[in-house]
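Dropping the structures in below, format is structure tokens.
Presented sequentially are two complexes of chain A, the first with chain B as partner and the second with chain C.
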Partner chain A sequence: MSAPEMKKTILDFEKNFEWWWAAEKKRSKRLDYLRKAIWKKGAIGGLYAPGVKVDLERPVLQTEKAKELEFSPDPYVVKFAKMIAHCLDNKTIFITDHAQLVGYTGSLPNTISWDPSAASILSEEVYNDPTSTPEPVDKNLKIIEEVKAYWSGKTDLDKMMPHFDFDDLMKILSGSISWGIPLTRGGYSGKDYEYLMTGKRAFQDIIDQIDKNIEDADQKVHQPTAKREFFPLYEKMNNWEAMIIMLEAGIRIAKRYARLAKIIAENFETDPKRKQELLKIAETCERVPAHPPRNLQESLQYDIFIQMISRTEAIEGAWPARPDYYHGPYYDKDVNIDKTLTKEEAIDLVGEFLIRAAEVCQFKPKWSREGLQGIDGTWVWTLGGVNKDGSDACNDLTIAFMQAARLVRVANPTFAFRWHPRVKDEVMREIFECIRQGLGYPTLRNDPILIANAMHWHKHPIDEARTWVHQACMSPCPTTKHGFQPMRMANATANCAKIMEYVLSSGYDKTVNMQVGADTGDPRNFTDFEQVFEAWVKQMKTIFSILVRAVNMARVIGPKLTPRPFLSSISERSVESGLDVCEPSISRGNAWITAFTWVENIDSLAAVKKLVFDDKKYTMAELKEAIDKNWEGNEKMRIDFVRNAPKWGNDDNYVDDIMVRCLREAAKFSKEIECPCGNTWPILPENVSGNIHYANVVGALPNGRRLGDALYDGGISPGPGLDKKGPTAVLKSCAKIDHISDGRAFLLNQRLSPTQLEGEKGYQLWKAYIRTWADLGIDHVQFNMVDDKTLRSAQKEPENYQEVIVRVAGYSAHFVDISRKTQDNIIQRTVQGL
Partner chain B sequence: MSRQRNKMREAYASVFGQQQPNHSDSIKDTQKVCGTCKKFSESSWSSDGRGSCDYLKFGTNIHSTPPTFVFEGDIGYLTKTLSSAANCNYYDKMEIIDKDGYECSDPRYRRSMRQFQD
Partner chain C sequence: MTTCNHCKHYFPLDEDQTKGDCVRRVEDQRQSYYQSKPVEANKDASSCPFYSTK
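Let's turn to the complex of A and B:
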């Protein structure tokens, strides 16, 4: 901050909408220090920030243990558990100055962890990454090379891939239609929070239960009569043994942190207050995760340890959580009942918890970093909602989280609020304040709609559906024994703009030079719109089927080839059954197909219908020729398709009916295809930053798009600048969709003006908008409320705008951490006047 | 085994059967590698340098002497950014756009951000 700006007051900054400077002045010294001590882990554009280095400690530890176990008679699941336990037992641990919470997957704050056993292609990327090799580079490249060579052919992906259909596999590998890898140890992992985080048990209790299970099983298999019903027990005992190894390792690493905190307190710390804090850390880590938490600090620490161990076992792309619901009772006890914490002290803890989450990072492939610019993964934390009995679940911690978020201004985690009609005004005001202060979150979710949605698609009983959290950015998932989803494989993410592209190329993909889609015939021969639409449906089914088949296969064989002993150990259905948590037969299923780049289809179909078949201004042959040439030499025609064909988001039935029709075809198909649990595969239109990642993969389209243009920002959001009739028209278009039965969920981005929403009048305007949104039965909306001037200034002087946050799509990011193309795309989004 | 399945298995093996040329090797000859050719599309699924040629088809071998070129078939020629194109008759060097590495990475490794024609 410059000298003149140092003299400004909090009010001055707030008047100028410079919330980040105001937050710096408002937050405690501790939070200010911890916030500034964060190493930026989200990739900028596609590369990690300078100074962020891949951690080589874990890969070396894991490899040395794997070599040691090569001739061990242990089954793979036990060997794997021993490898991970070895990493946890020997990894470097540290305590950040002024911190009250501990736990990080890397050996140093600036390191990002790399799992060499996950995928060979990932390891190759670690080797080739130009910025993240730690010093000395030559020596460390040799280490990476050795580790990479050991695991080549042995990684999870190497084991899984040969089991897939090769035809499907080559199409997925082309990168044209899919985003993600079908692995049990790489994706979005839910948790059985009802088992783990309701205070009834912790690791030691689970160990005791498993010990009993093993003993019972052992007795059975040693009975004189060898019954076939006992055969499965052999495998189960192996799984249980692996689960115990993981839980005991989890307890041991916590005690290492306790010991470290005590050593620092007793031998090095001279400040008496900090000494007490370190002793409190020691006490906390002695308690959790072995035993259930007793206070807020222990509860938050317990959560961090679970995440840390889970992220040592697997590459986790999300953080499904309901922090106010599960930590709320401890907040209430400490702040309101026992009064052992003041509100300010509680905010410090909560703010630090957000910071710990923001620091989490595992080395991810570049396609993931480009699709999720500025963040490591989508930590979308679910606030609010209802209890299992339907009553309002908001509590004081709901408010505390939002207040803390405004102070620390991290982009990740981000919040999504489960709105329902009984939410109190004070909570709505907190939500509004977060949005108004430019956090880009919470997003609003329509709780009654989404509970009904979860019951409709996956037959979750109502009390389980009411526990739902965001599995990743958008999709609800219960946190219950049979309802939670252990691994959502991102491979079921479709680049839907290709559906339209393939209608015009009869399934041939020019970018990858491959027949990917169905042969739907020469589009020049289509004589009416229904033929175009029929081809569209066929291409949609073809693409979705390719992706679903691969994920289904991975779900079926994954538990045997690539088990998850830690996640199993904290899941009731696995502790009880002895089966791996990813085993489909013990899960109800919660699958969905993420539909990237969806609206391009709608606008394109509408354009073809209008300009080719209704107005007869062009023929299909002329359109195909123009598309094949990427509109070159046809600019006037292209502008016609941009401007003079109706666009989604303007309350125009001409195009809105096409949206509904497309969704209903997809919904119908969703019920024909099955997941391994026997459940359905609904679609979920949303994008993250896939609209930029795929810009150069998707060719020209009839909505006027050229190869290389950024795609729309996703979900059911209108194309940037194409919604011309105001925010109510956007809502009315969206309301024509049935948000319960037409799909899993539907992302809607809206940009609002910060000046219009000032003061009480602004709050009432926004509240009325939310009321309309809710009454129309729309399931989702999220807001950007940062003006163009600020964003353009941030592009010119990023050093002064480090904490400006924008809502990208299903997540938020710091504006300065995303690529220029993505920044411009956000600025292009229409600012709605309410 | 069906011919189609066999062909697909071979194609898969051609993608995963070889390692990307090493980091240090790349310095030797970046003038004529597949990644700097206009016809190359890096896969946006695996960002470790695998990709395909949008002109040649599977069955092509640009490393043999003499090289073999195939122009028909269902699958594009699968190659990698650092594969030598020294023997390829259809190599067409792209314009290297000088951009900050955080917008799009070094052309030796990543080029999907620059595939559009300027």
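Let's turn to the complex of A and C:
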């Protein structure tokens, strides 16, 4: 195809909003190859894609080393570090054609890594998964069985279980009120980027520091006069030893990649340009992670190695990152100062970095795969924001990331942009272009609000609060010594629709047939709305307490039973203190409760207040009977509750006041419960795919919902089709919430029309909307901008729409990778005209 | 005995000739790559499907 012909084709695609075809034509040959080389790792309908297989190499290596160390006198933390080091030293590694960056948790590109030491129930899922066992199936099932049998009773969860309150544990494991399992090695691990990624040090420097710490401690404990104060040093020296084992293993595996790149260059590769690239890879991997990076390629490679090793140590469900901030200085040096890279070459590197992140995968339990359809975990990368002194932090790499994202069109990582009033117009235009081209990201975060929020809830000092990144989908977390949170257990995630369900059943859960909530009495005896609300508050506190107790327990005992020597080794507070990074006493804390299925409560309470107590159209007895029958035989009544009770998102104080009241009760309670660091537990309404995952778990509700209906799509978003008064009304409803003190953050989905937002006029319309959003003090908004016609076509011919992306909830996914029910749910979302 | 160090895919370590890497080219359904796995020089390769004499 000639250059003018190619250009005409690109314009044609863009005119028809077929951004994915235009991207294919625009990106470099290298990026096109690497983009198409990705094996899709997100589960579709809870199952991994054809050809994606569980990796058996790591489990076999880890098990053989564990057996070897069984009678070793080493403390557990040292044994664990040796197991992981053995895996890194002996696993298969690979370098993809045309790649400039290397490193993957699995042994081969189509494999997903399985940690057999995490949880026995996870290993059972590996064994029973019909699609992901590699060939030959019979032989490999035997291997899985042997590995599973060895670790049975020895996994992290097996060790932790006896410590939990049995009653709480049964309620959590029932799957009705929470999402996740409390494990230190299974969650969303923040990183102390201020220690690790500012160019001041790398692995060898940390090893040297730890060596000194051990030497000092050793001298103290061998003093002639034994002192009580020296007792803790013995354990610290064990932790430090384990940290060194991990860091040295990290340096060794990088050198293995260097060696492989050299072998390929010297023995196999005939193209001179590719030979040079391979030798550059070798040079890069000799340098990092042992020593600080010197250029953009080394900086990105350093980041990949850190993530790879961290995800070998633990199952990480998120990727907290601020890539433009920490890699930006190297981009500036290479592209603007030394001019060793052209912008196009830099975009190739940045685009590949996105692709490397997109292909990361660790075997996750089915509830996670169903809750996060189409992706492995929420890699929400934070762009923009401010520096520690409050000045604008956006740089050329901020723009480069967004340009690269439009070329490679991965759904994960996804970006969230920290908006503030001084963001330049050129950056806003890049954000708009990403949204307009249907990426579903960046989401917009109101930086001044969220900095104040971090200071309010967790007392982070302002300069630390300004470093914040998304710890998972939504919650801010500093990247500082005492501010960063080493794990966030998904288990403090509440299926809040159950609060309302339990008001009407006095805490009995019909789906799992057990008493889960509080006994709040027979709702038929409630004579006014205040009694209903009082019961609601009691159920809310009961559910939240169950989850918080479990997570607190895991956080307290985790460091001893299930340590994280690698994450400790890259965290200043652990290198300094000799304590495991999850030890609460050295952390400020940054906990929150994710509140799935929140708005169902608001609409349901409003419906009860209006139709039962204000209009007196129905009695509580009639409502309870209809709910108990799942509305069967009461369709007219159900439609009444759907249509004739006020709904959230329409700037109607009747229901909006209920939202604020509920949030403030939760906020009050958030300050009564404590995390092990002594800090608060604010709530954060958002959903991931919980609205689909819980559809068959949550029963009928007074908002007119039946068992099996999809729940609302997330956070404080109005129910699909229930926001009737336009986008400004939605914003005005949301603005009645105090986004600093009423909770941790509040997810808002909005769907916009691609045709309305064309051209300069479209940009100005969107910018005005953002201005209103910011002025109203709302902390979050995210957009879908794909029309119904495209989505319906994608349902009919998915093979032609592989790179169409939609915003699901706190993450984006390729539309063809999510379930039909979720697809229909997204199509039902109201398209707002600005 | 057929051992890894006689195979064309075997590349010994400079610092320790008793160990090396088995490097092979692979083409799967989506991409082509070179993979590397650590092996002992005297590992029995008689049942290795990829063995090829140097």
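Basically, the second predicted complex is superposed on the first by the 826 of 834 C-alpha atoms of A that agree within 3 Å, B and C clash if a C-alpha of one lies under 4 Å from a C-alpha of the other, contacts with A are read in each partner's own complex, and residues count from 1 in each chain.
What we mean here is this: a residue touches a chain if its C-beta (ideal position, glycine included) is under 8 Å from a C-beta of that chain, and two chains touch if they have at least 3 such contacts.
What you see is a predicted model; the values in this text were computed from it and never measured.
Engineer: Looking at the overlay, what does A:Ala37 touch: chain B (first), chain C (second), both, or neither?
Structural biologist: Touch partner of A:Ala37: chain C, not chain B.
Engineer: Please work out whether A:Thr92 is in contact with chain B alone, chain C alone, both, or neither, and reply first, second, both or neither.
Structural biologist: Only chain C is touched by A:Thr92; chain B is not.
Engineer: Name the contact category of A:Gln223: first (chain B only), second (chain C only), both, or neither.
Structural biologist: A:Gln223: touches no partner chain.
Engineer: Touch check for A:Ser819: first (chain B), second (chain C), both, or neither?
Structural biologist: After superposition on chain A, A:Ser819 lies in contact with chain B alone.
Engineer: Which partner does A:Leu260 contact after superposing on A: first (chain B), second (chain C), both, neither?
Structural biologist: second
Engineer: On the A-aligned overlay, A:Phe268 touches which partner chain: chain B = first, chain C = second, or both, or neither?
Structural biologist: In the superposed model, A:Phe268 contacts chain C only, not chain B.
Engineer: Spot which of chain B and chain C makes contact with more residues of chain A, would you?
Structural biologist: The partner making contact with more of chain A's residues is B.
Engineer: Is A:Asn525 touching anything from chain B or chain C once the two structures are fitted on A? First, second, both or neither.
Structural biologist: Neither partner.
Engineer: For A:Gly51, decide between first (touching chain B), second (touching chain C), both and neither.
Structural biologist: Touch partner of A:Gly51: chain C, not chain B.
Engineer: Looking at chain A, which of its residues have contacts with both chain B and chain C?
Structural biologist: none
Engineer: Under the touch definition given earlier, write down the residues of chain A that touch chain B in their complex.
Structural biologist: Those in contact with chain B are residues 44-47, 120-122, 124-125, 127-128, 130-131, 141, 145, 152, 158, 161, 166-167, 169-170, 172-176, 178-179, 365-367, 370, 510-515, 630, 693-697, 706-708, 819-821.
Engineer: What part of chain C is in contact with chain A in the complex they form?
Structural biologist: Of all residues in chain C, those touching chain A are 11, 21, 23, 25-26, 28-38.
Engineer: Taking the touch rule as given, give the residues of chain A at its contact with chain C in the complex, in rising order.
Structural biologist: Residue list for chain A touching chain C: 33, 36-39, 51, 89-90, 92-97, 108-110, 256, 259-260, 263-264, 267-268.
Engineer: Okay, in this complex, where on chain B does chain A touch?
Structural biologist: 4-5, 8-9, 11-12, 15-16, 19-20, 22-23, 41-50, 52-57, 74-77, 101-106, 109-110, 112-117
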